[in-house]
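What follows is a pair of complexes built around chain A, which joins chain B in one and chain C in the other.
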Partner chain A sequence: MSDQLRNRVMLAVALLLAAIYLFPLYWMYITALKTGSSMFATPPKFLPSEPQWGIYAFVWESRNMGRYLWNSLVIALGAVSLIAVLGVGCAYVLARYRNVWVDIGLFLILMLQVLPASLMITPIFVGFSQFGLLDTPRFAVILAIAAKSMPFFVVLVRATFMSVPMELEEAALVDGNSRIGAFFNIVLPLARNGILVSAILIFMQAFGEFVYSKSMIQDIELQPASVGLNSFMGPNTNEWNNIMAYATIYVTPILAAFILLQRRIVSGLTSGALK
Partner chain B sequence: MTLQIELNGVNKFYGAFHALKDINLAIEEGTFVALVGPSGCGKSTLLRSLAGLEKISTGEMKIAGARMNDVPPRKRDVAMVFQSYALYPHMTVEENLTYSLRIRGVKKAEARKAAEEVAATTGLSHLMKRYPRELSGGQRQRVAMSRAIIRHPKAFLFDEPLSNLDAALRVHMRKEIRALHDRLNATSVYVTHDQIEAMTMADHVVVMRDGIIEQQGRPLDLYDRPANKFVAGFIGSPAMNFIPAIVADDGAQVVLDFGKTQAKLAIGSRLSPGTSLTAGIRPEHIKIVAEGQGAFDVPVGIVESTGSATFITSATQPELTIVETGRGGAKSGDIIGLAIEPAQLHLFDTATGRRIEPQSGQVGIEPLRHLHLAGHAS
Partner chain C sequence: MKRILASVTDGKGFDIGLVLLPLAFLFIMSGLPLVYNVVMSFQEVDMFSLGSFVRPFVGFKNYVDLFSQPETRPILLNTALFVSSSIAGQFLIGFGLALFFWMNFPGASWLRGLFLVSWVMPGLVVGAIWNWILSGDFGVLNFFLRETGVIEGNIFWRSDPNYSLWAVIIANIWLGTSFNMILLSVGLSGIPKDLYEAAELDGANALQRFFTITLPMMRSTIGAIIALGLIFTLQQFDLFAGITSGGPNNSSNVTQYWAWDLSFRQYDFAKGATISVIMIVFVMLASVVYVRSTRHEVRG
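Let's look at the complex of A and B:
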């Protein structure tokens, strides 16, 4: 009986925490639908009395969101492709070889992860401008994001590779395959899930990236949605419903993708730990 | 018979660790060789070196007459069955079987035909579309074997293939693997830590310890004439009894030292008196007789019966294990007499563990003493 009671209490606590955690999201969705006056009403309303559905089309048109989202997509896909191509090989080597240098390498990789983007941006900006990379600002941002997120990807994918038994590769070698052939035929298909999951996480990060884009992309034609959202918010802004509608359009696809894929993502993140 | 596998002075180092020490081995075509020894003895390293998965540090390795030292695994044309089977989890049984053929560019239809033929002989025909995770342990084992067979390799390498199976299946697969070997007229190298597997399956047993080949030969030769105490204790189950002993004054008997009591035993020939050595007696070579009728008497400690045989452990120090077929009448606390054929007594040098042959009448240190005396006289 006490077990049942404890389970109920735990469930209540979990629901409460989830509610607190998800409240901002909820507030974003309902604020977008509110009229100007109900937005500032006290006490606040938790359900909009007259939802303004037309706001999405209005914001999309007026802010030219298609262009912003396209730029976000270009940057995110570019960064993910670059990271996946370079990171998979790196993670494989780090998974298969174990010595002092590999340990030092892993430590350095994790150190890179510690440095915040706002600290890194100044040296990166100076360096990129010297190389003339700022003439192609979206590419410059892709490079910067790739450098920033690579460690995260490498560490995750390394764990995936480590869960693929060495013996499978050896069996492929004895069966007549080369080292490279065994990697592509045996190891890569078995690590596919983990790589996909890590790539999706990187994609979501890159899709919402702000610091590098804001600093390096001056041309409004090339700015991603995160910068667009920022420029929406001036010091005297009071169109919160429009801003929230913008945010809704921006994050809902990502949220939907995450919810659809969450099973795979969670199992991908823990598969290395369970075996 | 031609030599299929030759190892000459093979050494393997992992940094400072000397894993294989000067290994010499010559395996004739069609032989079933078992590499046996305790874990960490280097048997798996040796097998992996044959497969090309480890590079030997010095020495020469030949397969079918060709030097293999620097040849990558894929060009050695050997097949390996792994302990964990190492089936490709993302391929069906059929794909697992044909993988090696497909890499070699064999046509699809041809590869499938070969797979079906092999599957028919190993009883896998109805499982071809399954994935490894949908198979039982025994079936996975068969897939691993079939994957090796399909290639007609120069040699089969087995790395403890039966250790993941339950006892009954293991006994069955033992016979099956041996039958397969005979049918294919293959050359097989089989690594195991189980001396019974080695004894029952192999034509040639190689006993290893700490990277050294302690002894190699036909299974029964190893059983009858172990070259040293380690091999004597390793081969045979239950293990051989070892008792510290001293050659008696007449040189024709040894005095077994059981601490409180001692027992005299004829050795059938002469050794120099006073030499201390270790006597080895297999449990199945001790006959139980009435008290006072045998070479010596011991008190019975523990009696265990399996139904077909009775295991008696004596209440002496060191203990003696005696195996009696059938069901003896001995009970704990009884005094029994033990009879031992002199020919079935093994003697080992206490310091080096090497076998001493009573027939030759030579003990390790005896020639030295002669030399010394001779030097004095002149």
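Let's look at the complex of A and C:
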């Protein structure tokens, strides 16, 4: 078998595997475009005969998606900013030194990374309500997400700082920079890409966050899109085309961002989680 | 004063400040809740005492009550089944895909990365999609199974107590496979190629090469991935909220959903805290395994 033929066969199999794996996504997009009756047809149609493009505008209006997505955006941006401000410095110090204290710090951070949100929400909810933080529920959710996701961010960004040669920083110090000057002028710009990719990953997580928002935000005006989707799916719903349209509007921006930045995200993710 | 200021801008104080601020934040937002959780599990907490710090201590009553409830045993068994089948499914399918994409061909790495979309999607959206795919009368999965002759009649994945947990497991395997595959690919690419060349010269066939080179070389990666899988499956909450809500009649309930359900549906915060404590101890043990297996890599 020639090399070219082998490559073609492999690629065909790979495409087939990807198609099978991504079928649920395809099914979401297709279901959203179906009419109420063709949705329940047997056998199911794999291409909608009369795509209902108007459904997106309809769902956007009727479910008030603008407000939900705005709240998701506020929560995700707030959490990412807080995590970036606090986490970058922490990651930098943990990458720069090697001693017992750094090991202890890393160990604590890795341990905090694994705490399940649905188990932490009980004490967080009770504690926050006692300190009155639940009066500003979106802020409370931002704090909780920041605490949950910062360890992961620190681990990823630390891997980036490890790849910045220390000699460059030392040279800047010899040239008369202060530590702060060297950090902001030399180290940070060199690690910019890695920090950005990690921040995007954290943003995607926070944009879809559910447990904390569901538990702490009672006011429907302040709820994010994940909670909105949950209340849309009643136990005996049959509006699946509308639900899938909601899901489409919700995930398409995330998917688009992911596909554009795929290579960077995958390499950033793997460098931090495992080598 | 001036000395401290100078140290913060230009000395050790700079590093210490950078590290202490986030650690203090994490201590307040994660460390204190952990302690508070343990405290609450020994207290009587109801809607009236929720706002006060002083609550009656009841010793191990919450723990005793919890284990005398009839649903505790089935839910613990469900959790064990959910975790073990999810990890097995994710790992085996992920390993198979990783091995396939390891054979170099044009477009392999891009296509492989594409699989990760399942992992970046909001968990609740994944839950919604699978809820619809697994629907009893009109679900597309039942259609495929019927067409291929695997089943005769429709399976009511979400409402049949025999299948409801499997509905969530299927969705969770789909969700986690891509992550397993990517990490396993990284491990595979770290194995030196000349090992295989040498083995081939010695006449080892593909199967022998897999068991004598690939598996032993991947041991620490596999250990880390299994531990990570345990951690991630115990964090899985959104799929339960999106597909079965733990029902019908707790047949698909697992501890991490049950803890939330007790606190926020039945307002029994003490019991919720009690399960949380038990499970957090368990997760921490798993994470020690994970941290140990990645230690040399993380230290760099």
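Keep this in mind: the second predicted complex is superposed on the first by the 252 of 275 C-alpha atoms of A that agree within 3 Å, B and C clash if a C-alpha of one lies under 4 Å from a C-alpha of the other, contacts with A are read in each partner's own complex, and residues count from 1 in each chain.
Methods note: contacts are C-beta pairs under 8 Å (C-beta built on N, C-alpha and C of every residue); 3 or more make two chains touch, one makes a residue touch a chain.
Only a predicted model underlies this, so the values are computations on that prediction, with no experimental measurement involved.
Chemist: Judging by the criteria at the top, classify the pair chain B and chain C on chain A as clash or fit.
Modeler: The answer is fit.
Chemist: In the superposed arrangement, does chain B or chain C reach more residues of chain A?
Modeler: Of chain B and chain C, more residues of chain A lie in contact with C.
Chemist: May I ask you to decide whether A:27 touches chain B, chain C, both, or neither, giving the answer as first, second, both or neither?
Modeler: Touch status of A:27: second partner only.
Chemist: Put down the vertex angle at chain A formed with chain B and chain C, C-alpha centres only, nearest 10°.
Modeler: Result: 90 degrees, to the nearest ten.
Chemist: Could you say whether A:121 touches chain B, chain C, both of them, or neither, answering first, second, both or neither?
Modeler: Only chain C is touched by A:121; chain B is not.
Chemist: Scan A:258 for contacts with chain B and chain C and give back first, second, both or neither.
Modeler: In the superposition, A:258 contacts chain C only.
Chemist: If you stack the two complexes on chain A, which partner ends up touching A:176: first (chain B), second (chain C), both, or neither?
Modeler: A:176 contacts chain B only, not chain C.
Chemist: In the overlaid three-chain picture, find the nearest pair of C-alpha atoms across chain B and chain C and give that distance in Å.
Modeler: In this superposition, no C-alpha atom of chain B lies closer than 9 Å to one of chain C.
Chemist: Identify the overlap between the chain B-contacting and the chain C-contacting residues of chain A.
Modeler: 178
Chemist: In their complex, what parts of chain A are in touch with chain C?
Modeler: The contact residues of chain A facing chain C are 6-7, 10-11, 13-15, 17-18, 21-22, 24-25, 27-28, 31, 39-40, 42-44, 86-87, 89-90, 92-98, 103, 105-127, 129-130, 143-144, 146-148, 150-151, 154-155, 162, 178-180, 183, 201, 204, 207-211, 214-215, 225-226, 229-230, 233, 235, 240, 243-244, 247, 250-251, 254-255, 258-259, 262-263, 265-266, 269-270, 273-275.
Chemist: In the complex formed with chain A, which residues of chain C make contact?
Modeler: 9-11, 14-15, 17-19, 21-23, 25-26, 29-30, 32-34, 36-37, 40, 45, 50-51, 53, 97, 100-101, 103, 105-111, 113-118, 120-126, 128-133, 135, 137-138, 140, 143, 147, 174, 177-178, 182-183, 186-187, 190, 221, 224-225, 228, 231, 234-235, 237-238, 241-242, 245, 256-257, 259-260, 263-264, 269, 272-273, 275-276, 279-280, 283-284, 286-288, 290-291, 294, 297-300
Chemist: Taking the complex as given, what residues does chain B use to touch chain A?
Modeler: 51-53, 72-74, 76, 78-80, 82-84, 86-90, 99-100, 103-104, 147, 151, 157
Chemist: Looking at the complex, which residues from chain A come into contact with chain B?
Modeler: Its residues touching chain B are 165, 167-168, 170-178, 181, 186, 189-190.
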